[in-house]
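In what follows, chain A forms one complex with chain B and a second complex with chain C.
Here is the complex of A and B:
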């Protein structure tokens, strides 16, 4: 009887567990194993022979440092720009009147319905040397500016892709706000600006923090946008992994980069959580 | 001159008037309750005083100055919200101190005043806590301290006690009145709880469907209700329909064929003319049980409810079903089905002005 009772929760979580183990855990373990496999230029990964040479290679070569530095530099820029655009955006939308609020929220979320690849091509149409943006710049006398295959193009497109992931958590935090709290601040002689900075934003801080880390994490492992708008020159960690797998056929080194990327991402996210989010959790409950 | 004055204030949301031609004068140091059922416009009125809603027409004067178009952060009024609206990311002390910071009060002075405000509400040892670590009653007192510390000319309370349980509410009512008296602050409180309004205010403004219907001391509102609505909303009342009658210069009302003496129950207003239909109010606690045959008439006890300090009875009488409240004064309670005589002092029968005369019905 008791045994049966204990079985039910396991049985119910079995489908999810199977999916998680077979599609995430096993491939990931295989990738870890692969990253320690010996690489032979003629046969690729040699199964059964192990080495830490790939890790040493990555750690000893400034080429990889440069790519990792660029990856996290772009992630940081995208996360900060998304914060600067997304937080006011979420606040303004939450203040709109009834029909407009839903419409604008839909506008913010709609890009999620379009494939990232399609959007990348869209941006390349806008940003290339004869694109709309450059035509306008030429008209304005600034002249055509090279944007494609630069960090700027990658950052612009990534901000566009990631913005909903910033707006949604901030929006959720704003929904939890008691509107009377703003009135309370006003009644205590606070200006509208002070009310925003000292009363509203501190309370939506948990939403801003989780939005920032989601955007940061997703950007650090972004593939399609840097691949299509960064080209050969602006490589990021994910596009490097792709090249190593696809062009160099050096799977073990690709796996090594992927594992290092995962490790660094985890370390950043966990540290961030520990320092910021848990602090706000303690105060706001 | 009144400290705070609302002159002919109206507020329309689209085509719907939430408040119509409201006039209110509050003297300095006075505690006034806006009392009415939900949707009567009392909260809208408070929000207009606070500046959160702009009146459609009319003027608001504070100490003689027209503040109608002032923004909420220019009025300097202290407000306690129904949800308390504490800043959840600030400690109790930071919450209380916020208003002083906004007024650029210097540090030492600010600390002194925060400490005093927390002393008044007995929360000194909680000053480092966050709001979520406090009970409902404590949050309420933080909200009160935060509003009082800025020494506002008027304190506005928006149903401040409605989120507390019954026992705590009673304690806080007394506490609120004590603090108000101690600080001597002009206070306007919105409430739907008539008991609360009667017990702690100097004057009560009864509101009904966007209109102010009576503005008087709690005792007068209770004893001389100016409409049938007020007499049933403020306390309980047996409402009777009758016709006036004058015999030998004395006023009577005939109700269901019975003659009830009115004389001392008439208010100072215009006297009813003979034969005029009137509405009478008889408070249940003013009716008395007597031996059968010795009261105005006999009645039979139909229902009996025990309230600790009181018994509530309903009896079938020649006037119809009547509510009667008797104190639990140690005597044996009357039993169901008993025949009893019913009596009262003649001054207890009140004529209640008809609603039409106040224009309430036409207002909707």
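Here is the complex of A and C:
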């Protein structure tokens, strides 16, 4: 009876299970194996022969070290800028009156559904040497500044793409906030600044933290933005993997970098979950 | 009584909104230029670059590939998610957390890692460049979205009406068809559209596993933007924005955009 009862939910999940085991679990395992395969410039990955040379190479070679450093440095910058822009913005929108509240929330979040390639192209129009931003800078007397294919362009566009991922968890935390508490603090003669830092801010902290983690993780593996706005100069981990796959055809080394990227992401998420509950799944998407 | 936003807050807000909308606005403006260069039209507007898109040798076919691919992936993802969501939300069974975690994992696994994993798998089974395999790959990416919205719909109503139907002698199938399905239909439709748009926009995973015959619009646009930049790209991007806006409008009518993006509306 108990066995039969357990059979029904497994049967219901079976189609998905078959797909996810064969097209997610098995390929992931194959990729881990691939990252340990010996690479031969003539035949590619040599199956059956294993080595940890690729991991040693990535950890030892300053070229890869530099790209990883840049990737996480950019991720940190993007996460902090998203925090500085996204948290006050979510707070300001939450204090608006309807219908502005809903409209502005949509304006901030809807670009999430617009293709990232489209948004990257939009930024390349704005930031190129004859673009709108440079025309404004010239008018202001600062003169044209080279921005395309620099870290600045990559960071600006990534902030644009990642901002909704910061606003969503902060907004969710703000909804749980009881406005009466804020008013109580104010009526007890707390200054506006004290109310913000001592009453509002601590309660929104879980949202801010999960937003920062999500933005950091997504930025570290971002591909289209660094690919289109960073060009060959500003390589990040994902664009490096793509080049290794398409140009060098060195799959094992590409797989190694991807596995390291995934490992770091998972480590950050798991550490975060241990300390601050599991919120990651609920808010993404 | 809520305090109103101060002047400084409003200025900050306007700057943020400007930042968010400017890259999209500039694309739409440039798309209507009559010139050969990426310039903002000032005196006259032209549709020549939209015409150029429809006459282009492979951009329109990439667009239709994308439509076919995302429709098929969203349908499959829905078919997988409905029974799985019922299993996860209605039964307590060993392996429940494993299945739930596995089906939601494509959200946490970077698309880049998914892309190279699938490329490895496809090259092993000889499926590189096959449209059917590409549909299955996109189904993996789309399933978390359908699953989450359908689960939210299943959890969000009073289960005693199901029990009432059972006690009146209804079979499980009748309960599903006459009670559960009508109630969760908005969740299914919202999940389908969200899965569709995410599959339609997917570029990082797809760029690893497509071949010239199965190329999708975002991948084609990515490649176009890396080697040449002309207003044609702006026209394609504008069509893409309009298409996304139409799907968003549909989602809003059927499910509610605010509910979709922040969980409640």
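In this text, the second predicted complex is superposed on the first by the 261 of 285 C-alpha atoms of A that agree within 3 Å, B and C clash if a C-alpha of one lies under 4 Å from a C-alpha of the other, contacts with A are read in each partner's own complex, and residues count from 1 in each chain.
Note that in this section a residue touches a chain if its C-beta (ideal position, glycine included) is under 8 Å from a C-beta of that chain, and two chains touch if they have at least 3 such contacts.
Only a predicted model underlies this, so the values are computations on that prediction, with no experimental measurement involved.
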Once chain A from each complex is brought into register, does chain C clash with chain B or fit beside it?
fit
Which of chain B and chain C A:38 touches, first, second, both or neither
neither
Determine, under the contact definition given at the top, whether A:20 touches first (chain B), second (chain C), both, or neither.
second
Look at A:264 in the shared chain and tell me whether it touches chain B only, chain C only, both, or neither; answer first, second, both or neither.
neither
Between chain B (first) and chain C (second), which, if any, makes contact with A:77: first, second, both or neither?
neither
Contacts of A:199 with chain B and chain C, given as first, second, both or neither:
first
Tell me which partner A:180 touches in the superposition: chain B (first), chain C (second), both or neither.
first
Quick check on the superposed pair: does A:85 touch chain B, chain C, both, or neither? Answer first, second, both or neither.
second
Computed vertex angle (chain A) for partners chain B and chain C, CA, steps of 10°
80
Quick one: classify A:137 as touching chain B (first), chain C (second), both or neither.
neither
Check the contacts made with chain A and report whether chain B or chain C touches more of its residues.
C
In the overlay, answer first, second, both or neither for which of chain B and chain C A:104 touches.
second
After superposition on chain A, the shortest CA separation from chain B to chain C (Å)
6
Mind sorting out which residues of chain A both chain B and chain C touch, each in its own complex?
183, 186, 280, 283-285
What residues of chain A sit close enough to touch chain C in their complex?
5-6, 8-10, 12-13, 15-17, 19-20, 23-28, 30-31, 34, 85, 88-89, 92-93, 95-96, 102, 104-126, 128, 132, 157, 160, 163-164, 168, 171-172, 175, 179, 183, 186, 217-218, 220-221, 223-224, 227-228, 238, 241-242, 245, 251, 254-255, 258-259, 261-262, 265-266, 269, 280-285
Can you check the complex and tell me which residues of chain A touch chain B?
178, 180-181, 183-192, 194, 198-199, 202-203, 205, 280, 283-285
Chain A partner contacts - residues on chain C that touch it in the complex:
1-5, 9-10, 12-13, 16-17, 19-24, 26-27, 30, 38, 40, 79-81, 83-84, 86-88, 90-91, 93-96, 99, 102-114, 116-121, 124, 136-137, 139-140, 143-145, 148, 194, 197-198, 200-201, 203-204, 207-208, 218, 221-222, 225-226, 229, 233-234, 237, 240-241, 244, 247-248, 257-258, 261-264
Quick one: which bits of chain B touch chain A in the complex? Just the residue numbers, please.
50-52, 71-73, 75-79, 81-83, 85-89, 98-99, 102-103, 130, 132, 146-147, 150
